Every structure is written in C-alpha cells, then in structure tokens.
Amino acid sequence: MTGVVVRNIERAEPATIAALAEHGVSTVHEAMGRLGLMKTYMRPIWPGARIAGSAVTVLAHPGDNWMLHVAIEQVKSGDVLVVGVTADNTDGMFGDLLATSLKARGGRGLVIDAGCRDVATLKEMGFPVWSRAISAKGTVKSTLGSVNVPIVCAGAAVDPGDVIVADDDGVVVVRRRTAQAVRIAADKRTANEAEKRAQLAAGALGLDMYGMREALTKAGLRYVDSADEV
Amino acid sequence: MTGVVVRNIERAEPATIAALAEHGVSTVHEAMGRLGLMKTYMRPIWPGARIAGSAVTVLAHPGDNWMLHVAIEQVKSGDVLVVGVTADNTDGMFGDLLATSLKARGGRGLVIDAGCRDVATLKEMGFPVWSRAISAKGTVKSTLGSVNVPIVCAGAAVDPGDVIVADDDGVVVVRRRTAQAVRIAADKRTANEAEKRAQLAAGALGLDMYGMREALTKAGLRYVDSADEV
Amino acid sequence: MTGVVVRNIERAEPATIAALAEHGVSTVHEAMGRLGLMKTYMRPIWPGARIAGSAVTVLAHPGDNWMLHVAIEQVKSGDVLVVGVTADNTDGMFGDLLATSLKARGGRGLVIDAGCRDVATLKEMGFPVWSRAISAKGTVKSTLGSVNVPIVCAGAAVDPGDVIVADDDGVVVVRRRTAQAVRIAADKRTANEAEKRAQLAAGALGLDMYGMREALTKAGLRYVDSADEV
Amino acid sequence: MTGVVVRNIERAEPATIAALAEHGVSTVHEAMGRLGLMKTYMRPIWPGARIAGSAVTVLAHPGDNWMLHVAIEQVKSGDVLVVGVTADNTDGMFGDLLATSLKARGGRGLVIDAGCRDVATLKEMGFPVWSRAISAKGTVKSTLGSVNVPIVCAGAAVDPGDVIVADDDGVVVVRRRTAQAVRIAADKRTANEAEKRAQLAAGALGLDMYGMREALTKAGLRYVDSADEV
Amino acid sequence: MTGVVVRNIERAEPATIAALAEHGVSTVHEAMGRLGLMKTYMRPIWPGARIAGSAVTVLAHPGDNWMLHVAIEQVKSGDVLVVGVTADNTDGMFGDLLATSLKARGGRGLVIDAGCRDVATLKEMGFPVWSRAISAKGTVKSTLGSVNVPIVCAGAAVDPGDVIVADDDGVVVVRRRTAQAVRIAADKRTANEAEKRAQLAAGALGLDMYGMREALTKAGLRYVDSADEV
Amino acid sequence: MTGVVVRNIERAEPATIAALAEHGVSTVHEAMGRLGLMKTYMRPIWPGARIAGSAVTVLAHPGDNWMLHVAIEQVKSGDVLVVGVTADNTDGMFGDLLATSLKARGGRGLVIDAGCRDVATLKEMGFPVWSRAISAKGTVKSTLGSVNVPIVCAGAAVDPGDVIVADDDGVVVVRRRTAQAVRIAADKRTANEAEKRAQLAAGALGLDMYGMREALTKAGLRYVDSADEV
C-alpha cells in the first residue's frame, strides 16, 4: 500500500474553501457536529494565520522526509500539504528550502504531525505551518511512503482533496463531499452569532438568551445565599 | 455536593488585590512561602497580561460548559472566573461569546484547567485567559456542576473569594484571609529587590551580597584551577 | 564528584563562535552530522534571539539554585550558562535578579533544563533564555552541585567550553575541539543553500535539483492517475 | 501556613471505612456523584491491593522527604499516609525503611504525588503504595512542610481524616462527613449490580435493561442496513 | 455523519483471523510494510492476552459511553469492539458490567482510546482490554456517536470489519481486504525466523547472517582498536 | 564523529560488578551522591530482574537499529548493551531475534532509550530489558551511528565500560573508575540499613533514630493540638 503517488485528486470549490477559511476552525468544527478536529498539540509556528485549502496528503515514516519532495510536485495553487507519520516523531522534516519550493508551487501552508525547523525564516516568509513540534533534527531519505492516499494526521482521518481549515485554534478536516453543506451550516452559525454577541455585550445573560434556566432547575440546580447552606 | 450555586461570597479589599496584581505571580508566590501555585501547564493565551481578582469558582465536568453560563451571573466587577474540571480535559469550554458576556459583567479574566478557543478574537478583545490548552473542541450542556464551592484548579485549591494573581509566569492563588498579610510581605520583598538589582547590575556577586561563601565552604565546596584536579 | 568548581576552562575562538551564531541551530546541527541537539522541549521564553557562546556548565539538584550563584562568578564575557539537573524538574531556578547579575558579568544567555521566571521582565531586558518550563516556583539553596564539570542538559552532553548555539529552532552543542571544523562545514552548507533557494523560488523541484527520481524509481515508487488504480 | 503539625484529627468509623474498601474505587466514586478522584497517573506499584483508611496528610516540597518522618509519628492504626507536593516531582521520597516504620505504626498504605523506590522490597512486604512514578532519586531534608493540614494530592483536595479508598482502578477521596452517606449509596449500587450482572451474563442487552432505546431514538439515532445507506 | 448504526458489515475469514492472532502484532505489522500500528500508549490492562477479531467500531464523545451500549447489540461471536473518541480523554468508559455483556455476546476483547475500570475484575474474568488509561471516572449518556463507521483509534484508521490483532506488544489494524495477503506474508516471515533464531542462538552474528558487512563498509563504518583512535 | 566502532574497552572488576548488582539501583545511586540515574520513564518490560554489567554503548538514529547488529559483535560475557538515540523515539528497535543473539554472546540485558518488542517472548526467555516504550514499530537499517563511544541514554551520560545497574527501581550508571569506591560506600550503607530496619520494625521513629527533632524545632516546626490552632 506504500510507495504510491496518486496524480489526480478531486478538490472542493474554491468559493467554498474561501468561505470556510473565513469562518475559521471553531465555527467549522461546530458546524460539522464536532468532528474532524486534529489533536490540540498541533500548533501554529507563528500566530495570526488563518487558511483553508485542499489537502495533498503525505504518508511518511518518522525521520524521513523523502516523500515531501515527491508530494510538492503534485501540489496545485491553493493546496495545503498534510503529512501523517507512521509513528510518533518530532524530527524537523520541513524547513525554509521546502517552504520556498512549496510556496513557489502555490502551496498555502503545511500541516505536519512531526517537527518543523527554520521557524524564524518561515515567519519572515509569512509561510504558515501547524506542527506538533519545532525541531532542528534533520531527516534521512531512505524509505518510501505515499502521496495522495488516505492518511491519519494528529488523530484525524484525511483523504486527498479534503478541505483543511487552520488558524490559531488548531486544525480541522472537512470531508470534500460535505464541504458545501458544512459551509452553509457555518454561514448560519456565524449570522446567528453576531446578534448574540451584541446582546451579550449589552449585558444579557446566556442563561436567559439560550433559555437555560428551566433545564437547570429540572436537573436539580439549587441556589443558596451562602456557603453555610451548602 | 454538586448542583449548587452560592450567591454571596466574601472578597478581599480592592486595594489589596490591586497591590498583588502589581507585584505579580513570582513575588506573591515567594511572599506566601512558595505555596498556592498552579501547575506550569497553565499558560496565557497571549503574552503581557497581568491581573488579580476575586475568584468566582466553577466545578465543571469534562467537555461540559453548562456551569460557565450559570457562573457568569454571579460575577461582579473585578472578579476572575476559575474553572476546575473533574477529570483531565482539554476541550474548548470557553470562546468569544462567553468572553463578551463575562467582560460585560465586569469579569477581569478566566483561569481554566481545560481548553479555550477563539483565541485570536480574545487577543483582539484584550481579554486575558490562562488555560491548559487551546482547542476548538465544542462542549455539551448536560451535567450539573457547582458555582462558588471550593475547587481544585490545575493542582491548586481555590475557595470562592480567594485572590487570583496571573501573569506571564503563571497563576497563583492567595487565600482571602491572608491576602493583606501576603501583600505586606510582598511589599517588603519588592522594596528589597530594587536595591539588590542595582548592586547586581553594577557587577556585585550574589555570593557576596547574600553572604553565601561561608555556607558553601562549610558544605564542602572545593575550587580547583582546572579539570585535571577534579 | 559533586561540590567542585573548576575555575579555568578553555574556550573556542570568538570568531568561530560568532560564525556559528550566524549559521543558526539547524544549519550547525546538520553540519555536525545531526548530533548534539537538545530535546525539543527546550524553547526560548521569547522569540527572535539567536546566540552562540562558550558553555559555563552547572550541575544542580532539582529545586535548588545555589550553584547558579556560584557559577556566575566564573562567567566571562560571551559565555552562556548551561544548567543540567539531576532529576526532571520545572521549578523556576532563574529570574530577573540572576539575569541582571549574569548580564552584568557578560553572560549572553541561559540554557536550563528546568524552569525560568520573571519572563516578562527578561523579555524587556532582552535577555535570552531557553528552558523546559516557565514557572514561578521558588527554589532552595541547600545542596551542593558543581560548576564547569561535564553535564547532561536536555539530553545532550555538554563539556565546559563547548559552544552553545541557540535560536528559535532550539539549542545545539558543538564540541569545542570540533568547533572550527563544524563552522567550515556550516559555511559550505550555507553557501550552497542560497543557490538552491533561488532555484526553488523559481519553481524548480527538489526531485530534479537533488536528482531523486532515479532512486525513487529504484525503490519502487509507482505513479498512478487516480485512486482507483491503487 | 507551613511548618505546622496538627496532632489530633477526627476519623470516620472503622466499619464505614471497611465497607468502602470492599466496594472499591469505581463504585465509591460513582456513589459520590463522580467526584474526588485522583489523576489517572496515580498507579499501584504492585497489582491487587485494595485498601481504605483515614488520611494523615503531608504537605511536602519537591525532593524533600523530611515531613514524612514527622508524619509517621502522627499515624494511628488503619491510617493511610497521603503526600501532596508543592510542584510536579517524581523523586523517590519513600522506600523500604520508611515503609517498615509506617507499617510498624499501623499504616495501611501510602498515596504520594511523587516517586517511590525499593518497589521490589515493598512488594515482598505486601505494603501497598500508589504513586505517580517509581524513582530511585534520593531526597534531602531541608525545608519544612506541614502534617495534617488540607492538601491537594494528584488533583484531589484531601483533608486530614478523609477516607482514602485505593485499588487497581486508582485512588478516590471521600470527605469524612459524607463517608457514611457515601457508604449507603455504594451499598445500593452494589446490591443493584449483582442482579444486572446476572442478566447481562445471560445475554440481555443494556439497551433493554436500562430502557435506552427510546431516548436514543428521540436523540435521532438511525439504524441502516449497510454502509451504502450512510 | 454521527448518529448512525450500520447493522451489517463484512468480516474476514475466521481461519485468516486465527492465523493472524497466532503471528501476533509485531510479525503482522512487519508483514504489512510497517503500517496500521496504534500509538504505543495503548497497553493491555493485564499481560499475556493475544487475540484477533473483526472490528465493530464505535465513534464516541469524550466521557460518554452511550454508544458502547448501542454497539454491543451489533457484536457477533469473535468480534472486537474498537472505540475511537473525538477528543483526548481518559475517562473510564468501560467496566465489568459492559464486559460481562460484551463477553456474553461473543466479543473477544475491547480496544479503546480512553479509559477502562474494574480492571481487577476484568483480569479475573480473563477479558482482555487495551486502553490508553485506567480510570474510575464515570461517564454520561448524552451525545450520539455512531457504530460501524470508519473511525480513528489511537492514531490508526479502522474500518468496520478490519482485523484487529492485539497482544503485549500493542494493537495493529489489518485492512479486511488485505487480511489474507498479510497472513501469507506473515506466514513466510515466521517460517523464516525459526531458522534464523536457531543460528543466532548458536552464536552466529546478524552481521554475517544478513550480509550487512559490505553495506556498512560502503557507508563508511570504521573499526578502531581503542578510543584514542577516534 | 559517527560511524566508528571501538573494539577494545576497559571494564570494571567482575567482583565489583556483582556486588553492585546485589546492592541494587537505589542504594548504589545514594552511594554515589545521588548522581547517574536515568529518567524515570525507563521501565523494565517484566518485573523482578536485577542486573549489573559493563556498558557496550550504541549511538543510534531514531527508527534505525543497524548499529545494534554491529554492537552485538563487540559484546563480551557479562556486558549490558546500552542504546542512546539522537532524538526522542519509541520505535521497537529490539526484539526476540536480537535478544537471542545478544544472549548467545553473553549479554546480560539491554537498556534502550527507545522501544522494545516481542516482550512476551523476552519474558519467557528471562531476558531483561529496560526501555522507554513497548512498540511493535519496525525499524530501518540506513544510517550509521557508533559503538563504544560516549553517549547520553535517558538523560544519563554513559561511557563504554561504565557499570550499569538496573532493577525494578530503574537504571543507574556507575563510572568505571569510581566503581570500586561506590561499591565500598554501598556496602557501608547496606550494613547500616539492616540495623535501622530492625529498629524501625520494632516501632522506633526516624525522628528519634536520626535525631531530627532538634533541627526541626530550629527550623520552626510547630505542633498544635487541633486544626483550630493553625
């Protein structure tokens, strides 16, 4: 099953992808029914980026970045490279040279369940990376993996062409076929939230706004005046 | 014991609280005899904030933020919401809507032994949060906890009304009844340190300034000229 | 073996040290054959610093910073203090007073396999620290360690006088006797990379530039047009 | 607040304690409303022990076991020594000599949020310990803590005289004043479970036995015949 | 996508499954090209079990074991229940009652990326479980997940009907369609190893048996007589 | 510095090594002044073994066990193989075939800062291993390391020929040149402890036996009769 590069993958609509980027990770994750989130150890190497793009997937072995070179050839403008590794690993599989190459091919960012290096330079380049570690540890080029096959990255299943949304809250995976539906659900949430935010800013309580009081009482919540009554 | 909201709690004097904020976590922690510190995994979601406030405590179950809504109603101006969870959890129990509401009620910040989301927005709002994780993972509202009962948060016991001091060094809990005494002890440390800092900046050695040489010699410290003599 | 301070250590040439700082951690680490890297948990307390200096080593016991005071007397201009601890520990063994003193003696930075505190002040001072944790937890002064003996810090062996290179990618240790050779190897790598970076920025593929295609084919890599052919 | 030894503490009834031991950690924890559980990193150093006893509490500093010696004098027959530490630490604060002494004074076991050593000997002695680590790292005797004051151990608040229940599932703390009520609630659960176990062993489904089907349907659960219908 | 139970799934041949169990995790993992392994934090709750079975998959939310009850109805003789959770969690979602039920339905074991409790009883029952934690923490029944949909468990993708092999070395997932091929490859490895084991036991060196010397020399390995020559 | 095999190393006296094994890790570690201990994550794969032997050291790259094959040729009867890795890694670099070979050459055990597999078989063979993980993850043979050079293993510096002592408490490294002195210091401790153990078993308190009361009083320890006096 390893040692394969799939050249052609289907991608979601650019407009859908752009809308998902705007919504951001937390809204999209909720809109999907709280699925598809990568582990919380996946952090941006510099704060402030918010991107979405189509996944070009890489299955790599720990400490071996050979397949990243192979994958970059398959990247199209607007894609995000997503790297899963066959065992826990923090080695620095990606640095400024690979970033220069990926950027030149139109890549929007990197999501890697391993380490990244040259982070000061990547920040200067404005190239966004979400990784599990920052590490100068260099890698070998000795074992084949695959490109554009289904992978697991940081606890989330990713198929080639799925939409990756990433920002300061983390990384979420939207299945390609559901991307348009998720976008619509996210639109609704966001429209809904502006109104709520205004009310809360004016001092309204969530207890009233969401009508929680009845359910809380039913569940048995008791209010007492002081600790002595507990 | 769960399912209780205590409406009235005692708080420390505002002037004491303000003074503790100015001293900051490390000085206050030392002034208390090195007690009350939360675990080091509690980190600010953005750097530079330094606050102190009275604890409104929340006992919550993992992945369930129902009681945060309940707690916000009990917050008064200058309070800090402190959330303990009954099992290890990193879910994003708090985001920009709750922050808008908490801020509108006068809340100064949040300390949560779980996850936080919408961190880019919270940073824009200047709303400070110390959490164990950043996570987009949404939560349910299904199990009662309590508000303003004694809790454990990140390894530290917190009673309602205790003073929470938080900055880039972490989070420390000052017992309400000892707050004034701790403040006085911290005043002394700080007064003391300005003088020391000047001497050290001028090249004085701690060895001499603190009179350590005798104790070191007594403990058996040997100075040798080169590694060959070891 | 504990309780010893070695007064005189040999240091590498200042020009060599300066050149290694300029190359940075990732390049130096590669130039050494991928050795000498500290664990990835060693992170800068503020981003952007890049230093190199001669190691003044400290062997300390957990939660005890007595030997840091002893060590500062042995620091010469351009040195980096490197602290190894005999058991895993995150206590805040170093703060702004020690930083003021270390800086006054010409110390360029601190590398500590434990905690650091007063990080907001250290950032204002521009004093760089790489540590495993940020912690306000104070320390005692009760057990002797040693200064300028061989230590292990964050998984790397460090001898007094070794060159420490540290930046946003982490911390690497260059053996003093190999420093000049490593610098030459690093010079070559860097010269080499500028050319490559330009080609990659222009759209060249690493696959072609590094001549990887043949080896990949030999290893059995297959290209297919779609997932159906896998 | 440190440096205090409280000589007299109240304890729960021996019969209540014995009953809680028989129920074990998981049943007791449920009977209390899912509170009071220590972190899951607290593990027995050998499998198979199941104990309950009154907590004699120790507040210690990391790497310093002075207060354990002080605490043993306060132990009465049937007590469990419970040690909280002011910062994360894995040093081996307890070994076979302390175990011999604690056992001779009637101590039933040790619960320590730090390390333990001589574990092969402790197993031979049949002396049960729950700890966060096994470590040969020795400790100093230099900083005062306290005995029989309220502490936090592995995330749980413990007051002197609380009932500690510990077995292969972990450690749970029962507040002294609620011990009798918890015991009654646990008795009910256990009586209840025998009947359920028999039904389930005979092939009954929890879905039917607990009447879950309606709630599941109401929540929207759909059954489909094959993956094609998803 | 959540809230679905798929009733019918395809399973691999019983003979194939039995053969994979006999080979064990490490051999099967190698035979598949070093893929499909779950994270190393998945450990047996008692040593010595070695099983294989068809996966009935469960997608659950943290701290919520509702879907385990749903899933047990779908289990057939020889199946293994495999539980993935939508966020990191250690709560005790499975205990002796569920084990009794699962065993009564023919279930061979449980693989869960969360916690397990009543481990002493499960050991007595001889019911094998691989989990990331042991925890008494009870769970709620409030949020729907799914049964027999593709999941990620401890870093590995699992489809319903895949073959799960588990022993003291961990847990590996064999894709249903490749199970027979993997079994054949594993047969070869095992046949091969008996011969090698005998030679090695007789003192032969792997260097000679695997013909490694030439490649090592080519890679530049140097033998020296003493450290002075390094 | 990599790619070197040193053929001849000096070893400590067999009688010294045997005595250190008998003392065990905790006693030896104390006798050395609390130095040389490996991290607490190094655990035996089965309980009950207690060994000591001369270190044949291996410097390996993560996921690459080529050098273990090289190292076995250098092993003499009574040696312990000690493997350090250049970056954090848990891959299963050692299994039953290597164990068969190492045992045939007289190797007493393995200490590896990475993973181990075939643990059920190794237990049957009675071959002791201390590792940071158990993992079926296979390894490659592509990058040179070194044999019998100074390494760092699990936080401890190890030179070839140092004495490794390992038991259920962990692993400690005794410098070859100090082995005889450490053995004598350990003899004293052990002789000393038998007497103490008898007294403690008879009910004596450490407070009296070690004469701690005066120092405690001097440090300010206060005894009170009840919590009300705190």
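In this document, chain identifiers A, B, C, D, E and F correspond to the written order of the chains, with residue numbering beginning at 1 in each.
The rule we apply is simple: a contact is a pair of C-beta atoms (placed from the backbone, for glycine too) under 8 Å apart; a residue touches a chain by one contact, two chains touch by 3 or more.
Bear in mind that the values here come from a model prediction, so they are computed numbers and not experimental data.
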- Could you run down the chains that neighbour subunit A and subunit E together? B, F
- Item | Copies subunit A and subunit F touch via same or different residues, half shared test | same
- Message: Can you work out the whole-Å distance between the CA centroids of subunit A and subunit D?
- Response: 39
- Query: From the C-alpha centre of subunit B to that of subunit D, how far is it in Å?
  - Reply: 27
- Query: How big is the gap, in whole Å, between where the Cα atoms of subunit D centre and where those of subunit F centre?
  - Reply: 30
- Pull out every residue in subunit B that's touching 2 or more other chains. 1, 34, 37, 40, 61, 86-88, 90, 135, 137
- Touching pairs here come out as A-B, A-C, A-E, A-F, B-C, B-D, B-E, C-D, C-F, D-E, D-F, E-F
- Message: Please output the residues of subunit B touching subunit A within their complex, sorted ascending.
- Response: 1, 3-9, 66, 69-70, 72-73, 90, 92, 95-98, 100-101, 103-105, 115, 117-120, 123, 133-138, 141, 144, 148-149, 160
- Message: Could you list, by residue number, the parts of subunit B that touch subunit D in their complex?
- Response: 1-2, 32-35, 37, 39-40, 61, 86-88, 150, 152, 155-157, 175, 178
- In the complex, subunit A residues that touch subunit B: 24-26, 29-30, 34, 37, 40, 43, 47-48, 50, 167-170, 172, 193, 196-197, 200-207, 210, 212, 215-216, 219-227, 229-230
- Residue set of subunit D touching subunit C in the complex reads 61-64, 86-91, 135, 137, 140, 142-143
